[in-house]
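Encoded as structure tokens, the structure appears first; notes follow it.
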Amino acid sequence: MHNSGEKNGVLLEVEEIHSYYGDSHVLQGCSLRVGQECVAVLGRNGMGKTTLLRSIIGLNPPRMGRIIWKGQDIVGKKPFEIAQLGIGYVPQGRRLFPSLSVEEHLNLTYRRTGRPDEWTPARVFELFPELAERRRLSGARLSGGEQQMLAIGRALVTNPELILLDEPSEGLSPVAVERVIATCRELRKNRIAILLVEQNIHVAHDLADRVYIMVNGNTVYESSAAEFLDNPELRYKYLGV
Amino acid sequence: MMTGPDQKLALSIQSVSKSFGGVQAVRSVSLDVPVGERRALIGPNGAGKTTLFNVVTGELPADGGRIELFGVDITHKSVQERAKMGLARTYQISQLFLHLTVEQNLFLAASANRNMEFHLLRPWRRYRAEQEWVFQVAEQVGLTDYLHAVVSELSHGLQRQLELGMAMAMRPRLLMLDEPAAGLSPTERTTLISLIRNLPREITLLLIEHNMEIVLDLADRITVMNRGTVLAEGTPAEIRANEEVQRVYLGSSYA
Amino acid sequence: MLKKAFAVVSVLTVLSLLLMSCAPAATPAPAATEAPTPAPVGEIKIGIISAFTGVFSAFGEMQRSGYLLALEQYNYTVAGKKIKIIEEDDQLNYELAITKAKKLIEQDKVDILTGLVSGDEGLTVQEYMKDKPIPLIPMYSAPEDMTMRKFTFNTLRPTWTGAQPMDPFGYWLAKEKGFKKVYMIGEDYSYPYNQAGGFKRGFCRGGGEEVTTVWHPVPMDDYSSIIAAIPLDKGYDAVIYNGAGSDAVSFVKQYLDLGMHKKIPLHGQSNTFERPDVFSMPEEVAEIQAWSPHLVADDLNTPEWNKFKEAYVKRWNKPPSAAAEFAYVCMIMILRGIEKMNGDVSDKKALVEAMASVDLSDAPRGPVKLDQYHNAIENVYIRVTAKLPDGLGNKGVVTIKNVSQFGPYNPDVYMKQPPDDKNYPPDKCSEMPAEMLKVEKDYEFVPFGQ
Amino acid sequence: MDARIIILILNGLTQAALFFLLGSGLTLAFGLMRIINLSHGAFYLLGGYIGYTVMKLTGNWGLALLAGALSITILGFLFERTLLARVRGQDLPETLLTVALSMVIADFCLAIWGGHSLALNVPKALNPSITIFGITYPGFRYLLMLASVVVAVGLWLLLYKTKLGAAVRAGVDDRETASALGVNIDVMYTIVFLISAFLVGIAGVLGGTYLQLSPGSDTTILTYALVVIILGGQGSLLGAVVGALILGQIASFGSAYAAEYWMFLVFAPLAIVLAVRPQGLFGRTV
Amino acid sequence: MNLDKLTRLAKPILLAIGAILLIALPFYGSQYTITTFVRIIYFGFLAVSVGFLLGQGGMISLTQTAFFGMTGYAIGLLGYERGIPFPWPDLIGIGIVLIAATLVGLVSLRTYGLTFLMITLAFGQVCWAFATQNTTLLHGWSGFRGIRPFVLFGIDFRNSANFYWMSLVLFALGLYILWRIVHSPFGLALNGIRENPRRMRALGYPVYWIRFVAFLIAALYAGIGGILAVYYSGLIAPPTIHLSRAIWALLVVILGGSSYFWGPVVGTFVAIWLEVLISQYTQRYLLFVGLIFVIVVLFSPQGILGIIESVLRKRHLWITGWLKARTALVASGSDKAEERPGKEVMKKG
């Protein structure tokens, strides 16, 4: 299971990228690979996990290194171009648009592919019936769990091959976290790869095929999820828990 | 290690809540920190720790509840008033004056509560007492060699030290540290932890930290937060033994 | 850092672009005006300050066409001396005008200073020049006090004052047309005050009863509120708009838009219907037959005018305007004065006297001579808006000959009156000082062209 | 009511119509791009002048309107793509670039059209005197008010009923996230800038028809537009409507009853609004 | 060492020479030179006002020219027209400036960045429009003219040399006081607000009021410049307070180097002299001034002083490098530059 990436061909390859946030050197030669699988990046706060996702989607382009998406270097492309190449992004803290309704969120980012199994706003509403009930409501007036579903839904309708999930469980009730996990499983069934940044180890445990550990802007450890998460020593060493 | 219950409280939070949009970040949290205690606030991301900090310092207004600082109700006091009462904090992301020197940064913090901001004509360098205090603080946080360096040219570790120094320079009675060691290299972290450990004991410390090592090393007592509420409170040993904490914080309940 | 550097670079580039764009674009420094270096011995320097840019730049340009024509006719040489002109743009900013005047006099050490478009510009520079011997010749600047109550010997103005054409106009309206009450809406500044003053004196002398004056600030965009407030039931014979330039264009347009011309006729002050502003007004302006007085009429047909017009059109490929003719006459006076001195301009007092006595009976607009206060005595034409072969313009109706800045009044009595302002002379003729209006010999009206 | 008062109110509405055309585009661009286009006044002047020249050449007022609006749109496009896009995200250089452009345009206009006052004369057919309840008022002014209402409704539909509008609003809310979700925010910038330029081009021709055009109109107009968006709130369409209405009535009644002080009267609502809501009446805190 | 002593001495010596040259100007300079220096001084006040807000407080204000004009209008209205004797109109003028600055400041200082710029622009334009529209008091377009300087303690300031000295003394005094302000705790607090207002608030500083006082100080300087300007040119009219002047002042500050104390002064000095010198040769002097701006900017975005500083620093490095080589041979002294190799050796050891 953990080498499914190799089996299915590599989708995304991050090679030794160096990114800065203002003047501080956040990513210092970070590398990872994502195939047709769910990969979790774990690490303590401030290690650069969010910056990694921002670098991939182009919001914080790396100053050095390469990011290869399906054989193409996407460093230097603008965020919307990268998104249109098939990478969906669910930012930390959801970041919905307060002046858009639920429906407008989905219509805005919906990208037609013509495939029969494509994600349409209607299909998202099927997946999240509670959103359908609130389709006219402003995104800011949803509960935390609903917001997270909408954030995932709006990434989903771009019909991505890979979704970047930044701390989807943050601040959610256990029920909502369960919902997020179930949703991600659903995505995997639809052959959407997932790159997950998490602090909540059990979410990673439930979802990830492989894990990377980030320390100080660098991926210092890589293994199958089970191998890492079931080893308390490793967990203590890298995550302090 | 534990402070006696008869001692006065540095900070008393009584059922404080705060929500953003549809998300309730802090739900009716109550928390008492006696004078002189070193308290750590831990919990998973999004547990509401930083929001609670912002509510306590006054940067965010509380939706409800009551906050007392050294026995005075500060719920409706401004950030400035709270600062003048001896409340100082550091930020998760350094909030420094990037184009000023370390000395200037420290001086600004040192003179903050001295009502000097409208002294118009005397050069700040001539305020001897403040100057000496700045040197003292610089020494405490290991920045003596960098007094004249411009902050934006300092390394991240030194900036975190300065962040701590800024709070120290305010001569706080209650010092709130928001992930002081975030993003530091192991050596830098060691330096910073020892700096914090060597802070005068009379300063009450409230600390947000993820790193258990640091927490166990520094804290007298630990409060665990999860999803905006207080989950548990106790000595480090108690917290370590608490299964619920284990479950939530380590996320093993779903295993 | 790089980002910041780029930011600052772009800011500075922008600001410098901005500075460059402030540079006078309408006045490329012509090779002809640049004296060859090194300067030849015995060169005479004429400093010119005008509004080559800014809101009055149209006048500045017209002036420039006028004086350059005169200089070119003399080939920049008088009595064997090379004439060098130094042009300075004051953007109609009086503070800049004074700075430029200081520069021309203290630094360039010019022998003669001329130019000046607006009244305030003129008064400002005259104030600075009053204890200096250098002759000052304002080309379009018209405050009467420059050659009257604040007369300084070195000021010569072969052009006009604000009241000069308006006094005969008011007199004519009351006397010949039988107007009793008029409603005058004016721009709120010194030049229209002077125009109103002249008008009121003439109107009352001719038998009028009242000139109700209403003032509006300059500039203003929408006049419809003011136009809507014109009382139609108070028996006014006409509305007179006492304003010029963009204000006149807006006012007249909106007056016609609101259909007021059907209810009460509209006339103007000297500059209201002047070219080229009249070109921007609706064609109906020709139909409403609005009167206004000036020193030039667009259908003048004298040999002097035709000769000037021909030369001007040949040189600039556009018809001349009053401002251009004024500048031309001023420069001719200067050059003839220098000629009279045989090119020796070291004695400034003598130079002023020489210029004051220059014969300008061949001036294009009609004979011009200076009075004892160095202001022109000349013809005033009352004109009517009309469609002329070369576009909208003003056709002469009546000529009044030899009008001085004092009108028909006794100069001593005139000068004892306070200067015209928005409240003086009074609106009601009955309140006008009687001794003021006493004249020995009043104007005669000669049909235009005779 | 007194006929004069009604005429004053109508005047205020006419001016408000013009102010709205000026302010709405500017406020949208500011909301999305976080820059103030200080060349807005110069765009107005140039649009009006181009309309004037086309009118002179063809005698067709409709064509003049089209030419004025389109040429400013093209100019806006070139400016946005070639210059503004280079300093994107640095609000001060962006803003100062617009100052520079405004000066260049103003100077260019002076060189081409000179310093005299020019005005377009509207064909009689478009400007009948309309008498309602005994009050005669130029038809063109009603037309101007109508145009402004049409634009307001059009902008509202565009913003709230189309995908493009949703994208613009998303960009105003959070341009980073919008772009990370595949919204081409650069195109949004250009589109909004073009809408703003188009509207100001129209305003130039309309203003040149009912008022006049001369050097200096640009800064006056810019000031009005700024006051409208400061009053109404940056980025708010409703704010632009309300700001324009307030300013229009102040301008109309002020110039009738306190001609010498009316500009100073503008200070009062400005100060009150800023004191109570620094973000403007309908602005959101940034 | 020797060089240090020399550079340490050079500064006061150069300053003294400069001061003497400036003071003695009326004895050797032409009339026009004095004129120009007076202009530099009164525009210098305006530039210092803009530069103080921008450089120290990070605020771009386009209302400063309105304050510059207000004192002038007060003198024109009260002194020239109503005949109220000197110093009263001037003092009342300063009072008006402070009141106006209070009004504008209280309102606009709640905002930062571009919004602040936009609001100050609007207020500046409102003041300008008021000056042009009001004819009963301010005489609209005409403004006031013929204002003459005063006679004080038997010194006639209508004499241009006397006026120059007075302006020079005022300017020197003004700059000295401003220097003290910039280096006081207040100045430091203002810098802190420029860098990070949020932290300043958390430290307990009354951010709003600090900015407010800075705004008043800047308005005061603009007002004093306005007094000198009105006495020297003898007139005050709307063009003095037009937007283009405000932009000019901003540009001058950036030319000199907005983050330097002396930036605005240097900028004004250079801009006005360039204008004077180049305008002798061409009407297009502004284009040349613009080109020089571009060149300055390309080499140092920090303005002229930025260039000078970087040149000096390079020179200094070069000289110390050279000294180091020499002293290494001599192998003596405790120059800082020599400590480094020693440390490295220690590490290696």
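Read from first to last, the chains carry the letters A, B, C, D and E; within each, the first residue is number 1.
Operating definition for what follows: contacts are C-beta pairs under 8 Å (C-beta built on N, C-alpha and C of every residue); 3 or more make two chains touch, one makes a residue touch a chain.
These numbers were taken from a predicted model, which means no experiment stands behind them.
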Inquiry  = Give me the step distance from subunit C to subunit E, shortest route via touching chains only.
reply    = 1
Ask   = Computing the C-alpha centre of each chain, which chain sits at the greatest distance from subunit E?
value = A
Task = Go through B-E and C-D and name the pair with more C-beta contacts between its chains.
result = C-D
Request  = Could you tell me which chain lies farthest from subunit B when each chain's centre is the average position of its Cα atoms?
outcome  = C
Note = subunit B and subunit C have mean C-alpha positions lying a whole-number Å distance apart equal to 75
Query = If you average the CA atoms of subunit A and of subunit E, how many Å lie between those two points?
reply = 53
Note = Between subunit A and subunit D, the Cα-mean centres are separated in Å by 43
Query = What whole-number Å value describes the gap between the mean CA coordinates of subunit A and subunit B?
reply = 31
Remark   = Expected list for subunit E, residues touching two or more other chains, is 133-135, 247
Request  = Among the residues of subunit D, pick out those that touch two or more other chains and give their numbers.
outcome  = 92, 99, 220, 259-260
Request  = Please set out, as single numbers or ranges, the residues of subunit B touching at least two other chains.
outcome  = 98
Remark   = In contact, pair by pair, are chains A-B, A-D, B-E, C-D, C-E, D-E
Key: subunit E to subunit C touching residues, read off their complex   = 30-32, 35, 39, 132-135, 139-143, 145-146, 229, 233-235, 237, 239-240, 242, 244, 247-248, 250-251, 254-255, 276, 279-280, 282-287, 289-291, 293-294, 296-298, 301-302
Residue ranges of subunit E in contact with subunit B within the complex = 177, 180-181, 183-189, 191-192, 195-196, 198-206, 210, 213
Query = Quick one: in the complex, what on subunit A touches subunit B?
reply = 23-26, 44-48, 98, 140-144, 146-147, 167, 169-174, 178, 181, 199-203, 205-206, 216, 240-241
In the complex with subunit E, residue positions of subunit D that touch it = 34-36, 38, 91-92, 95, 99, 219-220, 223, 226-227, 230, 234, 259-264, 266-267, 270-271, 274-275, 278
Ask   = For the complex, which residues does subunit C have touching subunit D?
value = 3, 6-8, 10-11, 13-15, 17-18, 21-23, 25-26, 53-61, 188, 215-217, 219-222, 224-226, 228-229, 245-250, 253-254, 257-259, 276-277, 280-283
